[in-house]
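Both complexes below contain chain A, partnered by chain B and then by chain C.
Then we have the complex of A and B:
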């Protein structure tokens, strides 16, 4: 029976309450460990199509008469448009239409960051559109930009209310402490730089708007576009079959979709609006920079008595305040915690979610602070973390649906035990060391999410749902889940996704939620079809349903009978067996989180500041693992992206004008394959007994969270230097080494004079 | 990219390597990929080529073009009206400057990006153009108030060939922001000849920089944001000298 309930929904750590209707989800839990298909390595079902170039990305979509857009963007961080004349541009060759402020909501006469869209032109080719841009007459009044986040906080220029949090009494906790450490950490602005830039193709078909777009949320785009254009939602069809990366920056329709839609309406032609690489680096979102002023106090035995922090996030012209304080509030069992978060409003491009927004930055600060504390306490960093293990959620005293971080720590021991051996490799200017950091994050997903399935007379199954595979391998994982439930080999299951007109509502692919949201819906749809198959088989073979089950593409009975599935479904000829399924509710009153620990081995050339990461062991607890191969790819991808965040990536601004200086991939340095260390992935694969019919959580974000801190802590282990600012460039490394040397010299002179 | 006119040089500029025991001549149209694997090429130049750019770029890029590549200075690339573009000030001197120069940076603080140029400087290579012969060092000049050019090539002048004397030993060391496919923060080429070791540096001045010896690093004029490069240069110069 359908039940109406009120439930919490969480995406990227942001909770909302909502009403949902849930079906009974009374499926029996699968046993722990690898099953027939689920829990076993499966190469991507669409791997060949991608490798052969057959997979159709938004960038590949083309229609007869397609127009291309070029966008006039503000070259200034803060300015006013005094005069804007599109006349000459409209006369330019190949130009079919143009929009300016007033025509589309995102276009502005008062740009508040470099790259803010002001006008757009649609023409027969991208080259003609760009050439026409040159003919727009525009006069700017350039205004002074605000670029310093601390200054913004002083002036009260905030994007959101400041966010205080407190439990216990911080000052009391600090007074109780035997050791107090205090440090300021900084993280930089990094850019997603997805291989496929942000883009959309819009085409009107009668009164329906088709939106082909590179997105992480088909249904979110549908609803947002419908709302802004005043259309009934079903008059907007959103298609995204294959996608070249999003990492959180493609959760919303984006300006490009609205520009393409309006230009398509005006010209009566399909219109593409695709960001160039430079535009991608200007205006497609970013992981905002943070300043973290942190304090920690502990008793001599390592018990944390106080954790406090002031966090300033450089949000940009607009955006939301991701929880940089989250790890400090949630990771350890500390009674006295106070945090205060500010979101500085600046004349820089708006932030966007970026793979575990807030927690990546906050974990760097907190987990480095913990190691600085461990050094002062003369305690093993792993031991310090065990001493302060949180057994229940401390934000509001909830039980964890499952938490196996202790097991992660236990599995980390052999990697941690390599310390002596690794340090002993130090030779010449190279110093080797090992560091670790813990991970906490969300990843439980939630309803609503639906799937349909059809089983044909050929005994093949097709899963139909309007979800998206953002490159994480969800297509394959969904096929595995359906195959497992139907007792089919993987190659007898297809998955149709990526089109809001061809399937039911599906979850956003953000907040590590695709598997935990969609997986249970797919399983329940498959179970629905499976039940019907057994009902039919029972009648056909004159047996009771309870003695029958589906296995290896066959219907088997407990008395030894066994029939190919097609024998039963084949009876139906053109008939199909249809199943439907929905994601059930999250466990009431429980906190669903993911956990993990990473152990990094690094080498530092203390003369040139070169940092080489040799090995990272990643041990994560994300519930049941559907596809260990896909999962290890996610871990590797997260760590490599984390490596860029830690060592080489930074969006640089001209301090005078706020102009973005790193607009291309030669200046903005993502890691290359040569930078990638040995990565050892260990997933506990312990199903969460309270979460859905799968017990599976998400894995997209967890692996990037502890990487920076693990590397920084390994650097401290190797060299004694405290790196507190990302990225750890040569100059930051050399600065930290110099500071450590000065400190050692000062200690020595004190020692000498007191001797 | 946009340009009024493209001229294909492939058929006018020689390509290929010819050598004797004491000297190797290199056609200016020879690619970095060809140079990095040819045993006739001194180690320092092979290593500099191999450390440059990516395999794809090295398969296309010629040594002549590499010597003449423009600065990576972000202000210059983005068209800021800076000194090198004919303007009245250097934006990097008061702006983002971590990739910039520690020598010769008074007017323009850009850092020369060519690895092979530093190697060829250490080797004391001679250039032959369609008009003259000159030591590689004379190909470059620091910009002045009246002339903002970084090379001494006249309009239409083509580099045809390079002559590279064989050193007794040589090496190229490079510090960069990641392990492959990055321009040099500091590159050091060192070559030992009968009369001593010659050093050529990349990434430290607006032009490839000949360093008389390690002690000359004491006379560097780093910007606040480039002081770290002096430290790196010290280590790499010492290592390079030790290695040859």
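Then we have the complex of A and C:
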């Protein structure tokens, strides 16, 4: 019987409550460790299509008569459009239609950041559309932009109410402390730069709008487009079979989708609206910059007595306030914690989620502060973290569904023990050192999420669901889960995804949630089909169902009987066995989180400020691992993005105008293959006993979270310098070294005068 | 009208002056395996070979190709590197992958046993935002299976 229950859902740290209907779900838990298919390395099932260039991405979609869009964007950070004339542009060769403010909600006469869309033109080719843009007559009134986040806070220019949090009494905790450290950390604005830019192709088919788009959330785009256009949701079909990266920036439909839809309506033609790389770096979201003014107090034995922080996030013209304070509130057992977060509203492009938004930035501040504290206490940094280990959730005393961070620390020991050996490599200007940082994040997923499965007479199974594989390997993982439950080899399972018209609702691929949300639904659907197969087999072979099971593509009985699956499914000829499955609720009253630790080894040239990362060991606890091969790739990818965040990536603005100086991939420096250190990945692979029928959590975000702090702490170990601002460019490194030298000189002179 | 030699075949096309090789391949010949990710020669996604030498097709004018043989990912679909990329899991979203394989194919043609440093040197112009680099290095090292 279907049960209606209320459950908690979390995405990127934002919780909502919702009703769900749960079917009885009495699936037995799978044992720990590698099974027949799940827990075994599997090359991704769509790897060949992607590698051979056969996979069709949104960028490759084409239709007869397809028009291309060019968008007039504000060259100013803050301005007013005094006059806008499209006439001449509409007369330009190949132009088929245009839209201006008033036609589509996203177009504005008062742009609040550089790159804000003002008008758009659809033409026979992208080149003709761009050429026509030049013929739009526009007169600007240029206004002074607000670019300084502290100034925005002073003026009360905030995107949302300031967000305070407190437990215990911070001042009391600081008074109790033997040692107090205080520091200001800064993190920069980082640009996603997915290889496939944001884009959509819209085509009206009768009264149905087809949207082909590069998205992390097919169903969300369907609903958002339907709402804005006033259509019934099922009159919007969203397709994304292959997707060229998102990292959080493709959670929503985006202006480009609405522009393409409206231009398609007006012209009666299919329309593509694709951002160029430069537009991508102007107006597709970013990891917002932060300023973090932090304090920590501890007793001489290392017990934390106080943690406090004021956090200013440079949200941009709009956006949401990710939790930069989250790690400070959640990672360590400390009774007195006070945080205050501000979202500064600026004349810069709106932020978007970027792989663990808030926690990446907040972990850099907190975990560097902890090491500064450890240095003052003369305590081993790993020991300091163990002393303050949290055994229950600190926000509301909930039990953890599982927490194996202590085991991660234990597994980190051999890497941490390389310190002496690594430091001893120092020679000439090169100083070597080791640092670590912990990771905490969400990643439990949640309902609703659905999957169907059909098993044909040939004994092959097809999973059908409207989810998306954004490059994380989720398609392969779903095939593995279905294969495991149905006792089939992996090559007898297909996964149909990427189309809202041919599968049930599937959740967003964000917040490390695809596996923990969709995986249990797929297992449940496969189990439903499996039960039906065994019911039929029991009748066919005159046996009781309970003696039968599915294994190695066969139906086997406890008395030694064994029949190929096709023998039973083949009875149905064109008939099919249909299974359906839903994601069950999250464990009531428990906090579902992921944990980990990374140990970084670095070398610093103290003469030039060059920083080289030699090795990173990553130990994470994300519950059961479905595909260890794909999982290690995701860990490496997260660390490499973290490396860019730490050392080379930064959106630079012209301080006078707010113009973006780093719009191209030569100016904005993402890591290359030549920048990659040795990466050692260890996943605990311990199923969460309370979480779903899989015990699996998400892995997309955890690996990027501790990387910056681990590197900065290794730099301190190597040089004694405190780097507190990202990215750690040579200038920043040399500044930190100078500051450390000045501090040492001051200590010496105090020492000399007191002697 | 110009004649373009692509993957062993000859195509007659009539591109406008200023059209890039990438646009011609993708839009006129339907060879969409070649991806364009930046369109200005910074990322390597659009890499094809001209007479075996990797070039960036997004900043190569199609009229400058002349008699040289163009090799795209469609012409390398049976190259052992395709298998080794899949086996090593050297791709995630896969958007940069055709360009990676075209670059790597030119590398192993010239140097069948490249060292890790040689791979890093030759492949540093092919950006991968997913960070598949360690596995790409592995795939090129083990390309012969």
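Convention: the second predicted complex is superposed on the first by the 755 of 755 C-alpha atoms of A that agree within 3 Å, B and C clash if a C-alpha of one lies under 4 Å from a C-alpha of the other, contacts with A are read in each partner's own complex, and residues count from 1 in each chain.
Just so it is clear, a contact is a pair of C-beta atoms (placed from the backbone, for glycine too) under 8 Å apart; a residue touches a chain by one contact, two chains touch by 3 or more.
Keep in mind it's a predicted model, so treat the numbers as computed, not measured.
Engineer: For A:614, using the defined touch cut-off, is the partner it touches chain B, chain C, both, or neither? Pick first, second, both or neither.
Structural biologist: A:614 contacts neither chain B nor chain C.
Engineer: Can A:672 be said to touch chain B (first), chain C (second), both, or neither?
Structural biologist: both
Engineer: Looking at A:176 after the superposition, I want to know if it touches chain B, chain C, both of them or none. Which is it: first, second, both, neither?
Structural biologist: neither
Engineer: Quick check on the superposed pair: does A:731 touch chain B, chain C, both, or neither? Answer first, second, both or neither.
Structural biologist: It touches chain B, and chain C stays clear.
Engineer: First (chain B), second (chain C), both or neither: which does A:110 touch?
Structural biologist: neither
Engineer: Does the superposition put A:8 against chain B (first), chain C (second), both, or neither?
Structural biologist: neither
Engineer: If you tally the residues of chain A touched by each partner, is the higher count for chain B or for chain C?
Structural biologist: If we count touched residues of chain A for both partners, the winner is C.
Engineer: In the overlaid three-chain picture, which partner chain does A:157 touch, first (chain B) or second (chain C), both, or neither?
Structural biologist: So A:157 meets neither chain B nor chain C here.
Engineer: Which residues of chain A are in contact with chain B in one complex and with chain C in the other?
Structural biologist: Correct list for chain A: 666, 671-674.
Engineer: Quick one: in the complex, what on chain C touches chain A?
Structural biologist: 26-27, 32-40, 42-43, 45, 72-74, 77, 82, 85-87, 89, 91-98, 101, 119-121, 123-137
Engineer: In their complex, what parts of chain B are in touch with chain A?
Structural biologist: Listed in rising order, the residues are 72, 74-75, 77-78, 80, 91, 94-96, 98, 175, 177-183, 185, 225, 228, 231-232, 234-236.
Engineer: Of all residues in chain A, which touch chain B in the complex?
Structural biologist: Residues in contact with chain B: 429, 605, 607-610, 612, 647-648, 652-656, 659, 661-663, 666-667, 669, 671-675, 729-731, 734-735.
Engineer: Would you pull the chain A residues touching chain C in the complex into a rising list?
Structural biologist: Of all residues in chain A, those touching chain C are 43-44, 46-48, 50-57, 59-60, 62, 192-197, 242-245, 247, 276-277, 470-473, 629-630, 632-634, 636-641, 664-666, 670-674, 676, 679.
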